[in-house]
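I have a structure I would like to understand better, so I am pasting it below and will then ask my questions one at a time.
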Amino acid sequence: MAAATGPARWHRNLSAKIAAIPMITTALVVFIGGTAWTVLYSFTSSKLLPKEKFVGFAQYERLWSSSKWLISIENLAIYGAFSLIFSLLIGFVLAALLDQKIRFEDTFRTLLLYPFALSFIVTGLAWQWILNPDFGIQQVVRNLGWENFSFDPLYNPDIVIYGILIAGLWQGTGLIMCLMLAGLRGIDEDIWKAAKIDGIPMWKTYIFIIIPMMRGIFITAIVLIASGIIKVYDLVVAQTGGGPGIASEVPAKYVYDAMFLSQNLGQGFAASTMMLLTVIVIVVPWAYLEFGGKRRG
Amino acid sequence: MGNVTRASADVQVSPVPQEMTGPRGPKPRTVLSRRNIMIYGTLIMVSLYYMLPLYVMIVTSLKGMPEIRLGNIFSPPVEITFQPWVKAWAEACTGLNCDGLSRGFFNSVRILIPSVLLSIAIASVNGYALANWRFKGSETFFTILIVGAFIPYQVMIYPIVIMLREVGLYGSLTGLVIVHTIFGMPILTLLFRNYFASVPQELFKAARVDGAGFWGIYFRIMVPMSLPIFVVAMILQVTGIWNDFLFGVIYTKPDLYPMTVQLNNIVNSTQGVKEYNVNMAATILTGLVPLTIYFISGKLFVRGIAAGAVKG
Amino acid sequence: METNQSISIKNLALSFGALDVLKDLNLDVGQGEFLVLLGSSGCGKSTLLNCIAGLLDVSDGQIFIGGRNVTWEEPSERGIGMVFQSYALYPQMTVAGNLSFGLKNAGLPKAEIEERVNRAAKVLQIEPLLSRKPAALSGGQRQRAAIGRALVRDADVFLFDEPLSNLDAKLRADLRVEIKQLHQKLSNTMIYVTHDQIEAMTLADRIAIMRGGQILQLASPNEIYNRPANKYVAEFIGSPTMNFFEGDIVGGDGLRFSTGDQFFPLEGYEFHNGTPVQGPAWFGIRPEHMVTGAEADTAAIRLNGSVELVEPLGSDTLARVAVAGRSLWVRMDGQALVRDGDSVTVGFDPARANLFDKSSENRI
Amino acid sequence: TDLEVTHWWTSGGEAAAVAEFAKAFDATGNKWVDGAIAGSGGTARPIMISRITGGDPMAATQFNHGRQAEELVEAGLMRDLTDIAEEGKWKEIVFPSSLLDSCTLDGRIYCVPVNIHSPQWLWLNNSAFEDNGLAVPTNWDEFVAAAPKLQEAGIVPLAMGQQPWQTTLAFQTLLTALAGPETYTKVFGDKDAELAAGPELTKVFQAAATARDLAKDSNVQAWNDATNLVITGKAGGQIMGDWAQGEFQVAEQVAGKDYTCLPGLGVNEVIQTGGDAFYFPKVDDEAITKAQGELAKVMISPETQVAFNLKKGSLPVRGDVDLSAANDCMRKGLDILAKGNIIPGTDQLMSADSNQQVNDLFVEFFNNPEMSAEDAQAQFASIISSAD
Amino acid sequence: METNQSISIKNLALSFGALDVLKDLNLDVGQGEFLVLLGSSGCGKSTLLNCIAGLLDVSDGQIFIGGRNVTWEEPSERGIGMVFQSYALYPQMTVAGNLSFGLKNAGLPKAEIEERVNRAAKVLQIEPLLSRKPAALSGGQRQRAAIGRALVRDADVFLFDEPLSNLDAKLRADLRVEIKQLHQKLSNTMIYVTHDQIEAMTLADRIAIMRGGQILQLASPNEIYNRPANKYVAEFIGSPTMNFFEGDIVGGDGLRFSTGDQFFPLEGYEFHNGTPVQGPAWFGIRPEHMVTGAEADTAAIRLNGSVELVEPLGSDTLARVAVAGRSLWVRMDGQALVRDGDSVTVGFDPARANLFDKSSENRI
């Protein structure tokens, strides 16, 4: 009779472990390794090439005394907050409208989704043009007779980040809308019926009943939006190049500029490290709660 | 219970005429009800807003330069010309090469196909392993991947240059394909994992009893029933990879530069005056591949998203 | 309208596109009556219920509730409460929240809301659960909470759409009793959709058997069981299902039913409308109306056969008996010791039989 | 042999100039494989650097003159051209000879300078002034004086693109013109922070504030778009390097007639000895190494120099070439060069990092009307004090 | 191992993290036996089945199938076939594909696969469906196909996890019979998990009643029904549930059960192990063992009460009778005419009673 204990644990699920090698490698070598490397070199005075000349926190001191960085962070915060709120809001409202058993749903959905197929370069270019005060919307409205009409978000440092937001939302809300639509379709019909019998108005049903039921969708949507926000770069470069002045700088661009324009890798790495730190502080506890602990099925 | 009417088995009570008063039949609804006006009104307005840039791009791309200089970007072309399209596709210059986007098109295709295939293959296997074959630490790796989704690409350029150099893949198509696979992995893995987790466990158990192993179940059971999520993954990846500029240009060399490099060159370099019509034509041409895929597979996209994203 | 009709449906029709789901349906439900809609899947039970609730817009016809024409009214104005198969509780609210949400929305004063919620909770014995969320409840508790949500509305009419079918057998039996008691206590009108015959039989004042969007028979459970209006109803009700013989009613000395080489005398059979008829017919007899052993020897009709299959249920034993190339289900006592292959004599009384016309399948 | 050459010369004039290189190189039996990357050095340099450090270098690549490639050279990634330079007697033919200094590290030569760029020019559209009853200005002060009239006529006095280097360029130009070349050298070369904070510079910052006012309605990004405003008469003038000349030429404008150029804003006529140079990354391939040598020789040969610089609108790196085809503006440049009024470019004086900090400051300054000249000067002084 | 044991489970334990789902479980199943696992939701039935199938790694203990220790073997190597509640048919394959998938994996020759598939299809009468996909099948057909998939494996042991619970009552009854016949035909070992007592009673050779990861009683259906080992089993089996009286067994002239002010003589009651016992106890009697009317008058024990609630099932009538402050369920004939409030006498025979110890709740 065989012993009660089984064969060594490691070889159970062996295929799964082998199949997961690319993932494990990516996670460990690229993400963890790359991050560690970045953090390490953020303490050096590397210029064009990485060099192990350690300078302590000098790069960080410089980083935090740079007005460009401070503006970048402020912009990211504004852009991030508005982008998150409006993407979810607009995406949800559009999805709710499309979910009303309307005709031409496919057409509307396609129209709202197509910008997602276009790159940020394209998006930025198109909007840069439409928002150009000399021949875009401002000029068109002026030509219609409102001589004093002024709408030049990309050329006004105070509101330039909102100009970028317009294009960002245009590009990204379609996907969020699809997510939300999928979520709405997953809601039990009977919930709607119950609410109707309770006499709950439509908007209240959405806010108090349906939205809380769509937690999963909102999480996926937030991951998508938030990861996009942190990475926002192309859109800014294509629309304003960070301008006017440094009014629309963002952290990803700061990193890029520091590494490749200033040829100050150390500085770029220090900025990267700050970004990573923020991400880790926010995302890791959440991701662990969300995907880690519990077991399914 | 005393007052219950004990009707006979014959229930066809003939209606008394006076009862026919009052509402009868469907609730009257006009096509222009306030509700419809609100819904369709909003949708049409929003759609117009979403269409605006595309409209401007198309209209502009069909105008000649003199007409563009006149100003109004919203006015339809007076004289339609396809010259800008021809120029964008075949004549626009980048430095010395004056063959427009056509030069990069096949490179883009060459990059796109293996990148999409490999990234989807790997991410789907990851998602499958995470959903059905958990092992110790698998969730930790997944958490790292998700965090990785938030790392800006720019941060990783350098480390990856070094890694690719060390494994000798720098500058090759393989290297680029790997880079796309790596950066597509987090979100795709998330989607696949959620999708496979929503596939009934019993199906998986049945297949194990039937003697199918890790790969048998993956190829014979999971893949064939997961078309929607593969479509979603394909759309996301096609869009991302086709539109990529940074990786394409950093991790390859000129004979492999994707179309977006030409696009960037056409858009960012001006020969005297900016040829907006050519720029717009080039822009649309570049977006054509992902757009086509969208229009073809829009329905599946929503279905796939529904399956892949609902479970959080 | 007669005032003792709580719900009255006139010539109701409903189509989904080209599919006519309900066709010229008429139904009167008395004040305080418990009506069960029974029928196979897809026959239009839920559709009918949704029309009454106002959740579906009718294609034609009228609906009266409490004498008022509500055909065009909003669901919340019809004075109805509804309970769903999937409970449809609002998952992020506590039970109390679920119960009070509709009332709050109607703008009722706080004190009144609280009072109603407490009253409903007391009736349903869910007071300790009021502050829990649905996810923390068992199936039975959830369904009770869902009933509570209908209850607080103080509705004249309650609509139930298969409220118990997601529960396991034991719970179903318990809740069935509770619903029955609830009805006795509240005595408002209830319309109850189910698949389950036991529920239908035990709960209903009247049962409406539906098929293809129409009502085939509307009568008391006893009538439905003992005098099904047609073969479909006869087969649909009862488990195991009624045994049928195909044959003819022939005259001669007293009417007889001839099947194969056998003749069943029909003395004691009450013909529909009292008129004896002749011609091709079905002869049906329920398994529990068949007797075996000593009793069989004295029965008016006797058949010899051998046991094919035995299903001991504990309380009863079901046996399938092969008789002249036909299988008949017979219910015996739980202690009956029969085995496959035993030969048995089964007997039955023609007074307990059901005869249906061959072509119209209606009771004769 | 096929040689892949990367550069960021993609505008009309630039591309035409590159074509001259390619033509000359192809004539040697090799093949120029063009690797143009548009979007200025900022876009192109990371790609070049990645390629070189990634171990898959191109055969030759453009960098700005100066210290951009210093570390690559130090890391031994660049090919030593000393042999070829000695053979071609570059030390003698390159003029001004300081050009070669920035290609030299530890006495070895690593790059081929191909042109001299002088950024300190003011370009004016003659008709914009004349049509409004103004004389075409001959210096900065006149230009400022004429500005209100232009504004009235709906013309933007000063066109200015939004790219950071353009604003810095404008400032440097103002600095050299208004404070003189010595101050320039002291500030950027010796990093004299005291001077940078001093009254001499205050004057310059005031002028910069004025320029900022004059340019406030110019809503363009790229330098050539700004030039185009001048060419089309939407703007009166632009402070820009001599490469703007290429754009005027492509638009078939005639120097002196349609437009006017004022080196050093017509005040202090000097020329920066900045410019572009080509570097040759080390490669294993024998054939390529050989072709690299040939390309280096072709680039500096007199014929190519002439052909290239005529198209590019810049000045050749050797004094011994015949530029009879040169136009009015180019001639002005050549004269200044001949007089020896030269200053080194900031790229040669400061690290890319410090340059970028200066860029950042000026782009902020020129775009933020609330930032006072004093503030800007204080920040500038602080950057200079820590610059390297 | 004795060779006539088809499955033998020794000291099986399984935990999910801190949750011990199975605890030191021992079970022997004979060759060709039909064993039903019955228990309330969450008691570990599926978990046990999955352990036997090898779909879960055990925490401790051993599993033998056909005398072979398979504790660490792959599911496919254990010689088992398994049928799931949700059918778990591969949706993208035809029925034939579903049936042959496992065989192809095992590398069987084509001809053999075809032969086995056809054989199974014949047995289950799904030949015409072989080329259809699961989506084009009805529920019952799907379940048949799922059984077919287990069948083709020619397994020694079949495992069923609530195979019929997604089907409606009629179909369930039909398929139940089919499974029974299948077992008679194939005579391989079957382990069948269900919630449904009727299935358990009719199908099983032996029933294992589970609770909290352990087996409470393992015996034939008859034994379980008539001689439940403890109060839990007694309550669990039977619908309506057994009626209980709380009281004491007291001596005197003949043992008697005293409850309230009543005494039930216990003549005829077979004590467990034949030893009469005294002390606090539960007295249980099933509703179908209670008689009313004329029969009651002759019963050993008689109680007077009044009807509280009537549930007419057609074939039977259930009545809840209030007796001395206690409610008893009584099953009467379907034709019985009782109404709420009627006073009735119910009688029963102590031989049919079940006595359980008050503290251990075990049968006495």
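Letters A, B, C, D and E name the chains as they come in the text, with residue numbers starting at 1 for each one.
Everything below uses one rule, namely that contacts are C-beta pairs under 8 Å (C-beta built on N, C-alpha and C of every residue); 3 or more make two chains touch, one makes a residue touch a chain.
Just so it is clear, the structure is predicted and the values come from calculations on it, not from any experiment.
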item	value
Chain with minimal offset from the mean of all protein Cα atoms	B
By count of C-beta pairs in contact, the leading pair of chains	A-B
Centre-to-centre distance between chain D and chain C (centres being mean Cα positions), rounded to whole Å	92
Distance from chain B to chain A - Cα centre to Cα centre, in angstrom	16
Whole-Å gap between the CA centroids of chain A and chain E	55
Shared interface positions of chain D, touching two or more other chains	46, 53
Interface hub residues of chain B, defined as touching at least two other chains	157-158, 162, 264, 267
Chain B - residues contacting chain A, complex	39-40, 42-43, 46-47, 49-54, 56-57, 60, 71-74, 122, 125-126, 128-131, 133-135, 138-160, 162-163, 181-182, 185-187, 189-190, 194, 197, 201, 213-215, 239, 242-246, 260, 263-264, 267, 276, 279-280, 283, 286-287, 290-291, 293-295, 298-299, 301-303, 305-307, 309-312
Residues of chain B touching chain D in the complex	93-97, 157-158, 161-162, 164-165, 168, 170-171, 249-251, 253-255, 261, 264-274
In the complex with chain A, residue positions of chain C that touch it	50, 53-55, 74-77, 80-82, 84-93, 101-102, 105-106, 149, 153
Of all residues in chain D, those that touch chain B in their complex	4, 6-7, 9-12, 15, 18-19, 22, 32-40, 43, 46-47, 50-51, 53-56, 58, 222, 224-225, 228, 247, 250-251
Chain B residues touching chain C - in the complex, by the definition given at the top	1, 3-7, 9, 11-13, 15, 19-28
